[in-house]
Amino acid sequence: MKLQAPFFTFNPKSYFYGEKLLELAQKADTLAKKYPHLTILITAPYADLANIASHTQHIIVTAQHMDGIDPGRGMGAVLPASIYQAGTRAVFLNHAEHPLQLTALIQSMKKAKELGIKTIVCANSLEEARSIALLKPDVLLCEPTELIGTGQASDESYIQETNHAIKEIDPDIYILQAAGISTPEDVYRTLKLGADGTGCTSGITEADLPSQMLEEMIESVQRVYEEGKDGR
Amino acid sequence: MKLQAPFFTFNPKSYFYGEKLLELAQKADTLAKKYPHLTILITAPYADLANIASHTQHIIVTAQHMDGIDPGRGMGAVLPASIYQAGTRAVFLNHAEHPLQLTALIQSMKKAKELGIKTIVCANSLEEARSIALLKPDVLLCEPTELIGTGQASDESYIQETNHAIKEIDPDIYILQAAGISTPEDVYRTLKLGADGTGCTSGITEADLPSQMLEEMIESVQRVYEEGKDGR
Amino acid sequence: MKLQAPFFTFNPKSYFYGEKLLELAQKADTLAKKYPHLTILITAPYADLANIASHTQHIIVTAQHMDGIDPGRGMGAVLPASIYQAGTRAVFLNHAEHPLQLTALIQSMKKAKELGIKTIVCANSLEEARSIALLKPDVLLCEPTELIGTGQASDESYIQETNHAIKEIDPDIYILQAAGISTPEDVYRTLKLGADGTGCTSGITEADLPSQMLEEMIESVQRVYEEGKDGR
Amino acid sequence: MKLQAPFFTFNPKSYFYGEKLLELAQKADTLAKKYPHLTILITAPYADLANIASHTQHIIVTAQHMDGIDPGRGMGAVLPASIYQAGTRAVFLNHAEHPLQLTALIQSMKKAKELGIKTIVCANSLEEARSIALLKPDVLLCEPTELIGTGQASDESYIQETNHAIKEIDPDIYILQAAGISTPEDVYRTLKLGADGTGCTSGITEADLPSQMLEEMIESVQRVYEEGKDGR
């Protein structure tokens, strides 16, 4: 499964699991089949990964973290080989809720590369984003709190500044912009402003009809695609 | 599924996963069915839990750790509700390879109790074991490095001292003694010396025939059971 | 220097350092000399400990944490032997802003005992407090968020419940109650309700005249002492 | 005090403290006065920093770590403003014995810059070193375990490779090479091979006469300086 722009990431964190999460993943799978040019990633708690992977075919099942270890000791660690065999093909690393030591981040990225797991690495600041860009993640999620504005204009300059800072270091890294996405319009606007991908947590988990919101957001991504924007 | 003495814990840590681990779990399941008075627990990496639980009926599928969180945020955390729905019914906590802050340990134990997940809590010293005993774990694994002897005699006094220290605080806590178990004879002797349960990692994972070693060790537990020792 | 009830702890955390902190420490030292039956403890950032200790004689200079290590490796750790030779004679451990792994807490308490450093160990819940009480800290600071009331009545039952739970395990442990202390009256009332000691952070650091507030709070402790309460 | 090449770092970690450390620091201070073109840095446990700084004039007193916080909360943290007022003018960060989350490393470096504290940042691999180089540390200590050879030849290629990788990103960063330095000859050879600075822990702390070894190593640095090598 190829990770390409424009892509959409549904990251329900620990809000959803079990049946409820599976239903949304299957919905996303149907949409990914319908819109074959889009890449759709869905995260799941570790113990849900296998179940979701075995019931879907067109989405990239994504872990919320993994440790940079080989099979062996490591009691309690998240074993890359285990999540890979369960069907995981991408992983978030260094999320603000699970920050990593730099040495550990590098180790986890190395194992991901060995296994063929795509890396979505998070940064808290432009400085951190540039430092991570040198490590060649597949996707960089940069949400510099100091830059995030409230209006549309500031969003625009922020997205452009982030894009420029990262692509100057490595033009092959995809930029994921997902701050404050709560409507299908936010999805559309963010991609139009130059992000390679966008995504959502609470905008979907707290929607009255999560499945419908997921569908509408993905349709926004498709609309951007059809308007001729290829995300790069 | 009831956790009762004598019990046996196969903890392959991150050595095994996928098919290889499933085969051993199924072997254990067969033995657990054959010897209905024994409790057999098998740990698995998080992403393997569901697969093992859905292919076994008589063993207690056990996680290597879990965080004390409710569904919600907690990106990258091990969500108790997720591992429970996957079939997990016991969890190791505070293992020497994954030591916990005391506050976090208490929080994880609380969530385990709410969900009906048995807790196997590890201690590095008698002092730590007594402190943990007050928190009412289901099983206490105490491997005080300062006491572990090399000969059989010192093992005996160590096991008795541990038993006494814990049961004096709470007689309902099961004692798991698993230090240096590498043969079926070690399993037999340890239980005969008063442990409620015993277990093994490398003695099985590094055996020429892990499946056969697992079987022989469990047969040792059955032998103890049949000789009239009820483990309490 | 003896740690005995009633005692008062001024814990400026990282709010104060250098000259400003030294002045307050010297003020406290004058008061400790004037009221010889009171024990006054003052915490300081690590690099301030020596300076404060060398300019005071009657207060207990207290560290905000220390690691349970002997001289040797441990780059970046807080070396007990170093803070002891600098004049430190008490240490906070497991504060909510610096929670410790249980194994590490036990190790730090052991080093403190070896060197003659008094331990003030913090607990987040009654359950945690009882577990820590078994480890024989000199002082236990228990601030169970679930119990802290808003009115005086609930404070009273909370203090009594904490006292009972701890003293039942070990009557020799001093109880420090310091939640929400912002006036000299709070100091008086808390000690009258049965706490062995009380203390303050922001009530002093954010007062218009920190030095005067410190003095008035300590005078409240003296008033309790004179009214015949011996703190036990 | 200027940090310039060639420089020497004596990092006794937690091996020495108090009088013993002060004596060595004073010895180094005498040598730094005698050889004014050399920069000599000495680390100390936090509670020793003030004492060493107030008894020396020509060395750079160096902390083993600091947290990226402003005065405020942060119980138990290492407060930059406190170590600065104690006389600290450099700090190690991200040492293998105290690895930092990337976000925290950036925060600590920011505070160091604000206060005028030089940063010596450690990397475990060339990849990590390049990532850190983008953050503009004053000194980069790179000890890639995968590259460290046993013979002199491999040392040479390793030092050159490191130098090249870092200076290509930022030519202003000083390179500290300190792996396996145990004799004055090691000091001489390492600087001759192109390192801007070198340093030592156990080569001095475990020497029969630490003070003499310190002196001879610093004289080796002076010899390199006099032979016309300016370290850049």
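Quick notes on this one:
To keep things simple, chains are lettered A, B, C and D as they appear, and every chain counts its residues starting from 1.
What we mean here is this: a residue touches a chain if its C-beta (ideal position, glycine included) is under 8 Å from a C-beta of that chain, and two chains touch if they have at least 3 such contacts.
All of these numbers come straight from a predicted model, not from anything done at the bench.
Between chain B and chain D, the least number of touching-chain steps is 2. Note on B-C: its contact pairs, compared by residue number with those of C-D, A-D or A-B, agree for more than half at A-D. Relative to the C-alpha centre of chain B, the farthest chain centre belongs to D.
By the residue-number overlap criterion, the interface of chain A with chain B counts as same, with over half of its numbers used by both chains. Chain A and chain D have centres, each the mean of its CA atoms, that are 39 Å apart. Inter-chain spacing, taken between the CA centroids of chain C and chain D, is 36 Å. Per-chain CA centroids place chain A at a distance of 46 Å from chain C. The set of chain C residues that touch two or more partner chains comprises 96. In terms of inter-chain touching, the protein chains here make up one closed cycle, each touching precisely two others.
Inter-chain contacts, as defined above, occur between A-B, A-D, B-C, C-D. Put simply, chain C touches chain D in their complex at residues 11, 13-18, 45-51, 63-65, 69, 71-79, 81-83, 85-86, 88, 92, 95-98. Across the complex, chain C meets chain B through its residues 94, 96, 99-106, 124-125, 127-128, 130-132, 134-135.
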